[in-house]
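Both complexes shown next keep chain A, but they swap its partner, so chain B is in the first and chain C is in the second.
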Partner chain A sequence: MDSVFALVGDGYAIVAADASAARSILVFKHDEDKIMELDSHKLLVGAGVPADCAHFNEYIQRNLTLYELNNDIKLSTHGSANYIRGELATALRKGPYQSNLLLAGYDAQDGVSLYHMDYMASLSKVNFGAHGYAANFILSVFDRDWKKGMNLQEGLEVVRRCIHELRTRFLISQPVFILKVVDAAGTRVVTL
Partner chain B sequence: MSYDRAITVFSPDGHLFQVEYAMEAVKRGSAVVGVRGADSVVLGVERKAVAQLQDARTIRKIAKLDENLTIAFAGFTADARVLIEKARIEAQSYRLTCEDAPSIDYMARHIAKTQQSYTQRGGVRPFGVSSMISGFNADKSPQLYLTDPAGTYSAWKANAIGGRNEKAVQEFLEKNWTASLAEADAIRLTVKALLEVVDSGSKNMELAVSRYGQPVRILKEEELEVIIADIEREIEEAKKEAAGASAAAGTSMEI
Partner chain C sequence: QESGLKIRYPLSHTKTMAFATMDLSFLSDPGVFAKGQHAEDDDARGDLQMARSIDIQSFPLAPVSSPYTFCEDVRKHGNAPGLMDFKHGTTTLGFVFKHGIIIAVDSRASMGSYIGSQTVKKVIEINSFLLGTMAGGAADCSFWERHLARLCRMHELRTKERISVAAASKLLANIFFQYKGQGLSCGTMVAGWDKKGPSLYMVDDSGERFKGERFSVGSGSPFAYGVLDSAYDRNMSVEDAVELGRR
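Our next item is the complex of A and B:
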């Protein structure tokens, strides 16, 4: 039931996730932060079974910290995406993580990049992506409105339209969205 | 006799020779000094001269264990590398399980436990490494731990491991450590202690200063040069005074 989406702009990426934690007909809270800061310049968000998403994200975060301590350097976004996909793939035929992921990161070599992964361990580098039921609505908005090289204001405007679309057409009410941006300066929370 | 063959064997007079030999290996390592201040912990290491063709930047004796924990070691570098990596994995594993940073006591205990387990197993040898870990307790008080190849660990106010003359540096620290040292004084004490066994010069030593809630700070060469120059000037002045005093005493005795 999570709505999770992201896009890449000129030197930044915006990652958005709804902030509701719910099960069946009950909503527990409206301030659940699903977007994990893996390190100073990476964001990972998961949609799917809440336990798997949370646990897997924490597991990946700890392993990336270990990598940084051991090697005195952060793993690149490309490297992290492939590492994460590898973990999903290994677990797939044992006990799969039912978590669909979007990884957005900045590194000096490739600038900003966005990777789309699903619970069956597929991996693709994309300009924009979405998971969950929301994808059915959001991808249409992205297809029409996303342009290469948008500045942050334009990017946020596209995000605003996505949220508006969900609020108009999606059955499930998701009053709060958390938005985070990653760029050369690091990660931060933004508001529309 | 051959009681030093397998480490799982005690000698008749209760020694584990392999463990004691491992401690000898530590003594052959380059010096490490640790000093606990009122609100800081300083680790100082001797930087042995590198070969001409070697890149000195890749030789590291002070390593980060976790966000708030720093470790310096004396002894076999390769053994230390393995031990530090095991410790780092344990720190992250603890954070994953408990969603909290491991305490310095926990990490010291874990490293000590690892070192001990290699003294009680067949087919392995002890780690030829003693380590000094600096960090802070939950109540923000500074802490310094020491582990040795036997797997003993305990907290210290100040200590020295490795280097040309471990005993001399330890005695120096015993004489000169006082409680509630300010950061600058803790740094000076560490440098003075190192100067007992290390040649003067900022390129021969490296200092890491830890404060609660802040990333560990490695002193820059310029900063260190200033401190060393200051200490040496102090020593010179003390010598002159002593010479002056004895000269005065000499003249008065003539009368």
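Our next item is the complex of A and C:
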């Protein structure tokens, strides 16, 4: 039931997630932050079974912090993506984490990158991605409107169009979306 | 240690195949689990035993080849009729307001369509600043919340500080996540007052944990939300808040 999407622009990435925490027909709260800051320059968001997403995100965050403490250097986005995929793959045949992930990160060398991961432990580097039912609507908006090298304002405009599309056509009402941006300066929350 | 856990893999190259046999011998001797992990007389045990009794990793699973379907298998087998008929049917609610937190629970325990008791206590005092509510399976809730009380006390003794509500609810959520899919049925709220003021967390048997201002848990919860949402005001007085909970 989560709607989660992200896109890459010129030196930044926007990650958006709906802020509703719900179970069956009941919504518990409208201010649930699903986007986890793995470190100062990485964002990880999961869509799927809420408990699995939350636990897995925290597990990854703790392990990346441990890596930084052990090695005095942060793992790159590419390295983190492959590490996360490895964790998903190891758990797949024992007790799979049913969470679909998007990882956005900034590295000094490679700039901004976005990785799309599945609960089956697939991994691909993408320019934009979406998970959940929302993907059915949002990917077409991205296909049409996403261009390489958009500035932050243009990127936010695309996000605005995605949310508008969801509100127009998606059955489930998701009144609040939380948006976070990662760029050279780090991660921050933005509003449309 | 693998106490009594037998998983048989007839085809050794595919570990996904296991027999669906049932070993119900533990029913005649329930103490087989109590001895190592849940010792009544903790003074007689050494530190190692105590540490292991707290260590989540060593909690026993049902000694069958497929713990995930244990409850269903027992029901289907018919060897122990009524064993898996847990008591259900509860409305619990809680909300944070200016002066603190109000928790309201009903006191009926139903077993199917039979009312088991009208005076069940569905709130447990974890410590003098933490409350836990129980909805769902009565045994699951009361056992795990009493276990949480023990963990909280251990935390206090080790760190000389009262445990925060966030930490207590996280301990419980982690336990539930560990047993995810194995038939625990428990919707609880952990409410308390710590350094950050009043906090209310809802913890679910699936391992979900949410912080919030108002929650209602149980089979009557949608109806309770209706009353709660329409009359809730953060600045109401204690009397108004108690009256809202009662309603």
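Note that in this section the second predicted complex is superposed on the first by the 192 of 192 C-alpha atoms of A that agree within 3 Å, B and C clash if a C-alpha of one lies under 4 Å from a C-alpha of the other, contacts with A are read in each partner's own complex, and residues count from 1 in each chain.
Note that a contact is a pair of C-beta atoms (placed from the backbone, for glycine too) under 8 Å apart; a residue touches a chain by one contact, two chains touch by 3 or more.
Just so you know, these numbers come straight off a predicted model, no measurement behind them.
Engineer: Check chain A with both chain B and chain C modelled on it and let me know: fit or clash.
Structural biologist: In the superposition, chain B and chain C stay clear of each other.
Engineer: After lining up the shared chain so the two structures overlap, which partner does A:R93 touch, if you call chain B first and chain C second: first, second, both or neither?
Structural biologist: second
Engineer: Mind checking the angle chain B, chain A, chain C on Cα centres after superposing, to the nearest 10 degrees?
Structural biologist: Computed angle, apex chain A: 70 degrees.
Engineer: With both complexes superposed on chain A, which partner does A:Y59 reach: first (chain B), second (chain C), both or neither?
Structural biologist: first
Engineer: Check the residue A:V49 against both partner chains and state whether it touches chain B (first), chain C (second), both, or neither.
Structural biologist: In the superposed model, A:V49 contacts chain C only, not chain B.
Engineer: If we overlay the two complexes on their shared chain A, which of chain B and chain C does A:N70 touch? Say first, second, both or neither.
Structural biologist: Touch partner of A:N70: chain B, not chain C.
Engineer: Which one hits more chain A residues, chain B or chain C?
Structural biologist: The partner that reaches more residues of chain A in the superposed model: C.
Engineer: Could you tell me if A:I25 is touching chain B, chain C, both of them or neither one (first, second, both, neither)?
Structural biologist: second
Engineer: Using only CA atoms and the superposition described at the top, report the least gap between chain B and chain C in Å.
Structural biologist: Minimum over all C-alpha pairs of chain B and chain C: 5 Å.
Engineer: Check chain A for residues that touch chain B in one structure and chain C in the other, and list them.
Structural biologist: none
Engineer: Given the complex with chain C, which residues does chain A contribute to the contact?
Structural biologist: 21, 23, 25-26, 28-29, 32, 49-52, 54-55, 93, 95
Engineer: Looking at the complex, which residues from chain B come into contact with chain A?
Structural biologist: 64-66, 85, 88-89, 92-93, 95-96, 99
Engineer: Please name which positions on chain C make contact with chain A in the complex.
Structural biologist: Within the complex, chain C touches chain A at residues 16, 173-174, 177, 180-181, 202, 204, 206-210, 212, 215, 221-222, 225.
Engineer: State the interface residues of chain A toward chain B in the complex, per the touch definition above.
Structural biologist: Going through chain A, the ones touching chain B are 58-59, 62-63, 65-66, 69-70.
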